[in-house]
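Shared between the two complexes below is subunit A, which has subunit B as its partner in the first and subunit C in the second.
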Partner chain A sequence: MRRGAIKRYLIFTKAGFQTLMAYRGRIFLWFVGALISAVLMSLLWRAIYSFSDEPTIGGYTYSQMLLYVIVSAVMFEVTVSDTMGAIVDDVRYGQIGMRLMKPISYRLQLCFTNIGNYLGRLLIFGVPFMTAGTLIAVYGFGLTGLTWYNILLFIPASFIAMMINEAYDFLFGQLAFRTHAMFGVNSMSMTISGFLSGRMIPLSVFPVWAQKVLNCTPFPFMMSMPVRLYLGVMSTNDVLISFAVAIAWLIAINIIGQLCYKTSVRKVVVFGG
Partner chain B sequence: MLKELKLYPKYVSMSLRSGLSYKADSIIMMISFAITEVVSLATIYLIVGTVPAIGIWTFPTLAFLFGFTLVPKAIDHIFTDELWLLAYWAIRHGELDIFMTRPLNPLYQFVAQTFKWDGIGELVVGVVIMCIFGPQAGIAWTAGGVIALILCAVLGIFCFTGIKLLFASIAFWVKYAGIFLNTVYDISNYAKYPVRYMGKAFASIMFFVIPFGLFLYYPVECLVTGANIWWAVLWSAVAAVVLMTLALTVWRLGIRRYESAGN
Partner chain C sequence: MIELINVEKYFKKPIRGKGVWGMFKTLFSRKHTLVKAVDGVSFTVGDGEAVGYIGANGAGKSTTIKMMSGILTPTRGEILIDGKRPYKSRERNAVLKTIGVVFGQKTQLWYDLPLTETYDLLRYIYDVPEADYKRRIGELTELLDMKPFMDAPVRTLSLGQRMRADLAAAMLHNPKTLFLDEPTIGLDVLVKRKLIEAINELKNQYHTTLILTTHAMSDIELLCDRVIVLDAGKILFDGSLEKVKHMFGDKRNVTIQTPAPIDVSAVVDKYEIENVSTDGDGLLTTFTIDAQKLKIDVLLDVLLKSYKVVDIKLSETGIEQVVEKIYADVKSDDDAAIEAEGGAQA
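Here is the complex of A and B:
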């Protein structure tokens, strides 16, 4: 892409950031809601640890599990994609016609808007919420093993996770051109990715065969890998390989999405006048 | 009241007919609900699989509890799904105007306009799970126990509706109450776990503040421990009356201050 073209799309990133700022109060409440859910999940894990004969479950001590739950809840809110919602709205309110007529790529417009949204969510909410969670896990529950470089590496890992999430959302979001049941499609795609990415429970609790299968899919890179990186439970070798595989998946899902898009876009019906 | 009851089949037929023009969409919704519930059950299986048991709770007993929580939730979902729209945008978009000009209760009209038959999938999943795991849950089944459990499920429907209406009605004051309703509703997901082992503070909240534990968890706990389940029926009835009274009061106060959203 030429420099001028990138500049053109960066306007959408700015717009994504500004939209997020306009709704910051509402988004703050969503983060609080996610945190309440994380607290309840950590209470459940505490009960389970109290009945366990082993000090670790799925390779995690209780303090690590606590931070896993907090980081995955915050990360979900940070990397959540608005792409499917944007496509659904564009189709529902008939704006899709105008969007497709403009001499810019609809796909890139969605992607760059989402980057702005991600940056806002990370800087305004993600950093403070995760810092608080980390301090609680370290000073309240004696968590060790965190390193500054893993925490820093979490930023690019979460960016790639957001991009994979967004590409996955674009893939499913195209169904808006064919069905009106996008609430069902959205909840189905979120449930599947939430479960298989390790957002609900760590993947190390899954049976070994399931872990092997999941390692051949993009799901672990949407949540599990960045959270494990943050917790410092990955070896350097693992980190390097994971980054390479995550980028490969990002490219692959975008190619599949683009191929599907060429067929889906022919099905667009524009409402209104 | 009689007029409303007479009209309800007409509302259902209207909703079903409009739904039937999007048959594929309803099927997608049913599949989506089924996947969500299967994933929830798998999550319970994986979590409980990490330990032999959580106190008295083994996987079959928790699976039975999970199946039971789905029943009132699904029935409430079938009849009052429109309350989600009240929380998210109906008030912001002035959509209540039309209901206030007709000679029928506005709440009844608003809720009756949608009959979510796709929620039947959720209900069937719940009942099937209960039938599969009921015999394995170590419960000494009696006819009285079954009747009491059915009563708890029926009362649970009113509790769910009360909680939904209460938190959706906040939208009369803040316009966008979706986040409040969503957060509170999500807490119901934790009633399918051993509430009593999750800390005294949490258990107290689940029993006395947002009583999902009282009408979802407690009846099954009584069955598993052999305690008198009729106490659970009594407490569920108290919860249903308190929640519905509170919700209807807040709705009435809210609708008095409702103003249209422009032209």
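Here is the complex of A and C:
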């Protein structure tokens, strides 16, 4: 891509960031949503740990599990993709024709807008929430094992996770060109990724065979891997391999998405804006 | 220059059964009918021309505009905009940079962004140099009187404001061609007039080629020099505005409401009235006149003196009536030609 072309798309990142700031109430609701989810999950795990004879579950101590719950709740709010929602709105309100009439790529427009969303969410929500959560886990519950470089590496890991999430969302979002039942599509794709990525429960409590299968899918890289990186439970070797595999998945899903898009967009073109 | 050569656009439409069972069967049926939205349309529009593209609802106007702006691919035929085909992925972006589009029913603005930000976005999308951008945004803001809402998010704009903002957005990159698809739909008379005047000024200032679809004959009269009439996907008429006016005249409808049915023969015999129709159990009577031949104040005077009038309504003729009339004329011409041919053969 030429420099000018990148600049042309970066303006969408800026727009995404600005759009995010447009609704104060929405930002407040994420705070509340993530807070409730983190509090409930930590209470649930507290009960599970108190009934368990082992000090660890799935390899996590309670303080680690607490931070896992907090980080994954924040990760979810920060890396969630707006791409499907944007496609659905564009199709439903007939804007899609106007969007396709612009001399730029619709796909890249969506992707760069979502990067703007991500940055906004990370800044106004992710950073303060994560800082508070980490301080509570370390000073309130005696969590150890966190390192500065892991916390720094978490930033690129969460970025890649967001990008995979977005590509996955784009793949499903294209169904908007073919069906109106997008509410179902959305909740299906969210449930699948939520369960298989380790958002609802850590993947290490799954049976070993299930973990092996899941490791051959992109799902762990959408949530589990960045959270584990943050907690400092991955070996250096593991971290390097994970980054490589995550990037490979990111490229692969985008290629599949692009191939599907070629036929999807013909559908739009046939039926008109 | 815009050239359409024998353009056809067919849509497949599934045949739907009636009722719940029919709908259910449709799910598993591959039967469909072919709808010919555009059926062999050819015309050429020169640079700087202003063309009114009219027809009843469903005549194929929007489909043609969508093909010209690259979101629909013609089933057959060719569309060339300055020699490039907008529906070919390689030539697409080059074409899209030279056109601007305003759809009255849709917006190209970003709902949650302030207007200034949307324009900034468009500046990058179309690679408009900063100096040009600044100059043009200044001109457009003034011409369209947009200063009061430049910093407001688009979602808070009224329809009239939004249409002006949309027009400015379409003109920002100084397109060679501007497609306007029902730009005045839903606007009140005053706002409509202002918008049309602004479009006229833009057209003259930038020498923009204009293709306008509308249901308001007054829009066409103010903006266009040429009219293309489309009916059921086919071109019915292509000629100058003068010719349309000549064919159709300056028609007005005067409808009066009376407490009892009236006898119109006295008025009809004495004055040049083209058509009289009654409605509502004979209480509503509509007189159609050619305003060039019979002054409207004369008619009103006569009507008020001759009958006990409860209510009066004046209306201009709509596009539908123009199309109807042209259709009738074209058909009778065809019939005459066929008859003449038949006569010659006999």
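Assume the second predicted complex is superposed on the first by the 266 of 273 C-alpha atoms of A that agree within 3 Å, B and C clash if a C-alpha of one lies under 4 Å from a C-alpha of the other, contacts with A are read in each partner's own complex, and residues count from 1 in each chain.
Simple rule for what comes next: contacts are C-beta pairs under 8 Å (C-beta built on N, C-alpha and C of every residue); 3 or more make two chains touch, one makes a residue touch a chain.
Every value quoted in this text rests on a predicted model; they were computed, and no experiment measured them.
In the superposition on chain A, A:Ala244 makes contact with neither subunit B nor subunit C. When subunit B and subunit C are set side by side, the one touching more residues of subunit A is B.
Of the two partner chains, subunit B is the only one that A:Leu29 touches; subunit C does not reach it. In the superposition on chain A, contact of A:Val185 is made with subunit B only, not with subunit C. Of the two partner chains placed by the overlay, only subunit B lies in contact with A:Phe195; subunit C stays clear of it. In the superposition on chain A, A:Phe206 makes contact with subunit B only, not with subunit C. In the superposition on chain A, contact of A:Arg8 is made with subunit C only, not with subunit B. In the superposition on chain A, contact of A:Ile104 is made with subunit C only, not with subunit B. Touching subunit A in their complex are the following residues of subunit B: 22, 24-26, 28-29, 31-33, 35-36, 39, 42-43, 46-47, 49-55, 118, 176, 179-180, 182-183, 186-187, 190, 193-194, 197-199, 202.
The part of subunit A that touches subunit C in the complex is made up of residues 4, 7-8, 11-12, 15, 18-19, 22-23, 93-95, 97-98, 100-104, 268-273.
Per the touch definition, subunit A reaches subunit B in the complex via residues 26, 29-30, 32-33, 36-37, 40, 43-44, 46-48, 50-52, 57-58, 179-181, 183-185, 187-188, 191-192, 194-195, 200-201, 205-206.
Residues of subunit C touching subunit A in their complex: 11, 62-63, 66, 69-73, 87, 92-94, 96-97, 101, 103, 105-108, 110, 112-113, 117, 120-121, 124-127, 153.
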